[in-house]
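Data block below; observations after.
Read from first to last, the chains carry the letters A, B, C and D; within each, the first residue is number 1.
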Amino acid sequence: MNIVENRYGKSQVRVARIVRGKDRHDFHEMTVAIALEGDFDSSYRDGDNSLVLPTDTRKNTVYALAKDPAVEQPESFAKLLASHFLSRLSHVSCVKIDIHGRLWLRDGPYSFTGGPAHRRIARIEASRDRVSVESGVAGYLVMKTTGSAFEAFLRDEHTTLPEAADRILATSLDAIWSGEANWDGVMKTITDTFAAHASKSVQHTLSAIGEAVLAQHDNIGRIRLTMPNKHYLPTRHADVFIPTDEPHGLIEAVLSR
Amino acid sequence: MNIVENRYGKSQVRVARIVRGKDRHDFHEMTVAIALEGDFDSSYRDGDNSLVLPTDTRKNTVYALAKDPAVEQPESFAKLLASHFLSRLSHVSCVKIDIHGRLWLRDGPYSFTGGPAHRRIARIEASRDRVSVESGVAGYLVMKTTGSAFEAFLRDEHTTLPEAADRILATSLDAIWSGEANWDGVMKTITDTFAAHASKSVQHTLSAIGEAVLAQHDNIGRIRLTMPNKHYLPTRHADVFIPTDEPHGLIEAVLSR
Amino acid sequence: MNIVENRYGKSQVRVARIVRGKDRHDFHEMTVAIALEGDFDSSYRDGDNSLVLPTDTRKNTVYALAKDPAVEQPESFAKLLASHFLSRLSHVSCVKIDIHGRLWLRDGPYSFTGGPAHRRIARIEASRDRVSVESGVAGYLVMKTTGSAFEAFLRDEHTTLPEAADRILATSLDAIWSGEANWDGVMKTITDTFAAHASKSVQHTLSAIGEAVLAQHDNIGRIRLTMPNKHYLPTRHADVFIPTDEPHGLIEAVLSR
Amino acid sequence: MNIVENRYGKSQVRVARIVRGKDRHDFHEMTVAIALEGDFDSSYRDGDNSLVLPTDTRKNTVYALAKDPAVEQPESFAKLLASHFLSRLSHVSCVKIDIHGRLWLRDGPYSFTGGPAHRRIARIEASRDRVSVESGVAGYLVMKTTGSAFEAFLRDEHTTLPEAADRILATSLDAIWSGEANWDGVMKTITDTFAAHASKSVQHTLSAIGEAVLAQHDNIGRIRLTMPNKHYLPTRHADVFIPTDEPHGLIEAVLSR
């Protein structure tokens, strides 16, 4: 038997940190996933745990390192965690860190209200000779009530969908890009392009968003976009729709310069 | 065998409506639950369906009535639905309508982004001689990083919780009140009181919120508040916390003038 | 301001217990909710915590009492917990305990596999002069491919549903009954009646199930049944259906002798 | 801008099929995901939909093909769907089908009860010159109350986890294997090995399960196993545990001959 591939511990660690300023507190809350790859064959074959750092310890490590100012940016906190494990565990060849940051809305100097459902994400893959960092968003809900069509598509004998010259377009967008860029700036490009684009399909809008991000953010070399079609089905009554959650279409593409 | 009590059909109907203005669209999206009570004994005992309006028809009725301008306020849409069923179905003695409205954030004249997780709610209970209307919010997330203590509580031999002079206070607040009031105004009272109150416990803050709502909104005679304690557990490191979701304490009270 | 009603702490406590037999282990896993009612006004009004036993302590109490053999039956464990709090806290007038037991399937003397999704439930409401105990099931999935019709129902101009002489009937049944009875026996009555009944509607089947439970289990005086209609929508192709989860009809009734 | 990679439509289509036998019905219920890859650049760049078969049509296609006897085995139904799309859409280079089958428990000739939470899965990736078929299980819950240790692991200054000579081991196992094999037979191998193995860690048990599957099922050349550690945390009381859901350790490996 060969162990072709192994990964140990995509621990989902939730952590929050208060950063105390002079007249106000900042608050950072995130979920951290950590995966280590390397030479763990003996733990699989023989139950030899001498090279196995418990996932409980990783959790404690996240708490301990959350004291570091790096915690204020998900990308820098991910880098800190990756280098911590790589520098200490010589049998580990690759560390993957995935951070989902929650977006609390500031209400006062010490108080916050629940923000939108989407998460700011940072992802790092680090080995001893190479580090890749990506940034992005997960679950960004956008919707428009006009400026979207879906017509002249391929039909066969199973096709019953009518053409739509003016439909609601809604998606829960995931994006992940490489290269340093202002996060709020990229989000604004995504939002504005979605709103302004004369959409002929989800694919068409996805492509327009990717193109705009690449055009307006020089450091971004590549972006992956995933846009499930959250349908609002027409009823017999104009302007009345049935919202649905099950994504019947999920459009995904990677765009680069 | 007696049928002591019966309720038929808390249908969860999702509906959305575009209201087309001159230079912009408004968008209303909600989930409507409808329950009818009345003389349905024959349907239970004999399978006689002659008095049973299908829940599918109620769904269609929600779509049809969503064309009415009443859809713009959850309370008025609930009233419209209740009177529709009461006026047509003489064997129905009571109609209960529960509406959960989604809060899209306007981004442009025709575009929106996903808002916070909480829902605006309206609830009506209507019989032929009496109508009660309630308004409220479900799942309103609020959090503060200081100004909250929990000390000098009752202890017994199973108590291990340390006293906390300064802790994070977070909750997912549900509120429902009777009497007409400006919804955004009540939300502001709740938010501001939560932020400003020197909290000795969740009960203490709940009471302060209820008192402020009654004091600042004359028409509100009664408010039910539910505040599960969403703990942020301390770690061995100051200012670093473990967010938890399972509510270990759920505080609920009804306050009236 | 009056505190019309208050409830403190429907703690959701998860607990598991191994009971070690000679050649095998039994395993009990459940979620326990505890609500205390009584004279807590001072905690609300003044933030006086001297009568407030932390919900964290209740959690610890559940763990401590889980050592008792009473844990083997949800009803007896609920009674034990209720009398614990009533006997110690003189300012508490009423204790409500709600237990949801998980159904692991035995695989070997010390091993188990995940069972069905439904939960065995026990519910107690205890004051100093009165105790009511109820037993039941939550989320019991049953489905039949024939023997169910829905015809001759009330129609109006919004009705589009076709009559169905032979449809799939599926529900996720909740039941709660008063009076001591063999749990597996009641479950068998429910299952057998659902399967055998010539159903004219969900109401009709609900009534048949209630009647059978009352007829076959002498100690049960009253049963509440809730049966959401989990529709399998027909397609253009005979025998092919679209499973749906959103319950468009929820039928609920209380039946007694 | 280059479209480096694109995938269109991982449609989640739910479908059920009754197969009518002489004295009983069989019932198949599943969720089907379909992704097509190929030359769709014009749909992205220009909004040209002439090569875009709507995901709604795929849904209808699933319903139509569910009439075929192939529906009785997820692998054969996946093959049928893949060849349908490949043979008709010359611009599609690769079809990926993923089927999750629900496990209803037969109760009578025409009635069923809800089975365990795990799903039987089949996965196919088909291009014009190559087809790969995989089978597996998702979310299989197994638990044992003894025969599991975790000791002599790597420690550092963040390690607080005590060694455990005898702990509860629980996981929600995912497995996917290539090569034709009797599904119930593989499930039995997994279950029996989990129960019998003297476990030194999750890795150790994962390896034992993979080895047993490869040893007992000749056609299986390769198996991927994913086993999140569902911890039962010890309390201060022997034999009393706190069940937790958040997987702090997720062990994953691919084993081959």
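Keep this in mind: a contact is a pair of C-beta atoms (placed from the backbone, for glycine too) under 8 Å apart; a residue touches a chain by one contact, two chains touch by 3 or more.
This one's a predicted model, so the numbers in the text were calculated from it and none came from an experiment.
**Student:** Which neighbours does chain C have in common with chain D?
**Tutor:** Common neighbours, chain C/chain D: none found.
**Student:** So which chains count as neighbours of both chain B and chain C?
**Tutor:** Looking at chain C and chain B together, no chain touches each of them.
**Student:** Going through B-C, A-D or A-B one by one, find the pair whose contacts repeat those of C-D for over half of the pairs by residue number.
**Tutor:** It is A-B that repeats the C-D interface.
**Student:** If you average the Cα atoms per chain, which one ends up farthest from chain D?
**Tutor:** Greatest centre separation from chain D goes to chain B.
**Student:** Determine the centre-to-centre distance between chain B and chain D, using the mean Cα coordinates as centres, and give it in whole Å.
**Tutor:** Whole-Å distance between the two chain centres: 38.
**Student:** Report the inter-centroid distance (CA atoms only) between chain A and chain D in whole Å.
**Tutor:** That gives a centre separation of 23 Å.
**Student:** Centroid from C-alpha atoms only, then distance chain A to chain B, rounded to Å. What do you get?
**Tutor:** Inter-chain centre distance comes to 30 Å.
**Student:** Pull out every residue in chain B that's touching 2 or more other chains.
**Tutor:** 14, 64
**Student:** Help me check something: in the complex, which residues belonging to chain C touch chain B?
**Tutor:** Per the touch definition, chain C meets chain B at residues 1-14, 35, 40, 43-57, 59-61, 64, 88, 150-156, 158-161, 199-201, 203-204, 206-207, 210-211, 214, 222, 229, 246-257.
**Student:** Which positions of chain A touch chain B when the two form their complex?
**Tutor:** Residues 14-20, 25, 27, 29, 63-64, 66-67, 104-105, 107-108, 110-118, 140-147, 168, 172, 191, 194-195, 232, 235-244 of chain A touch chain B in their complex.
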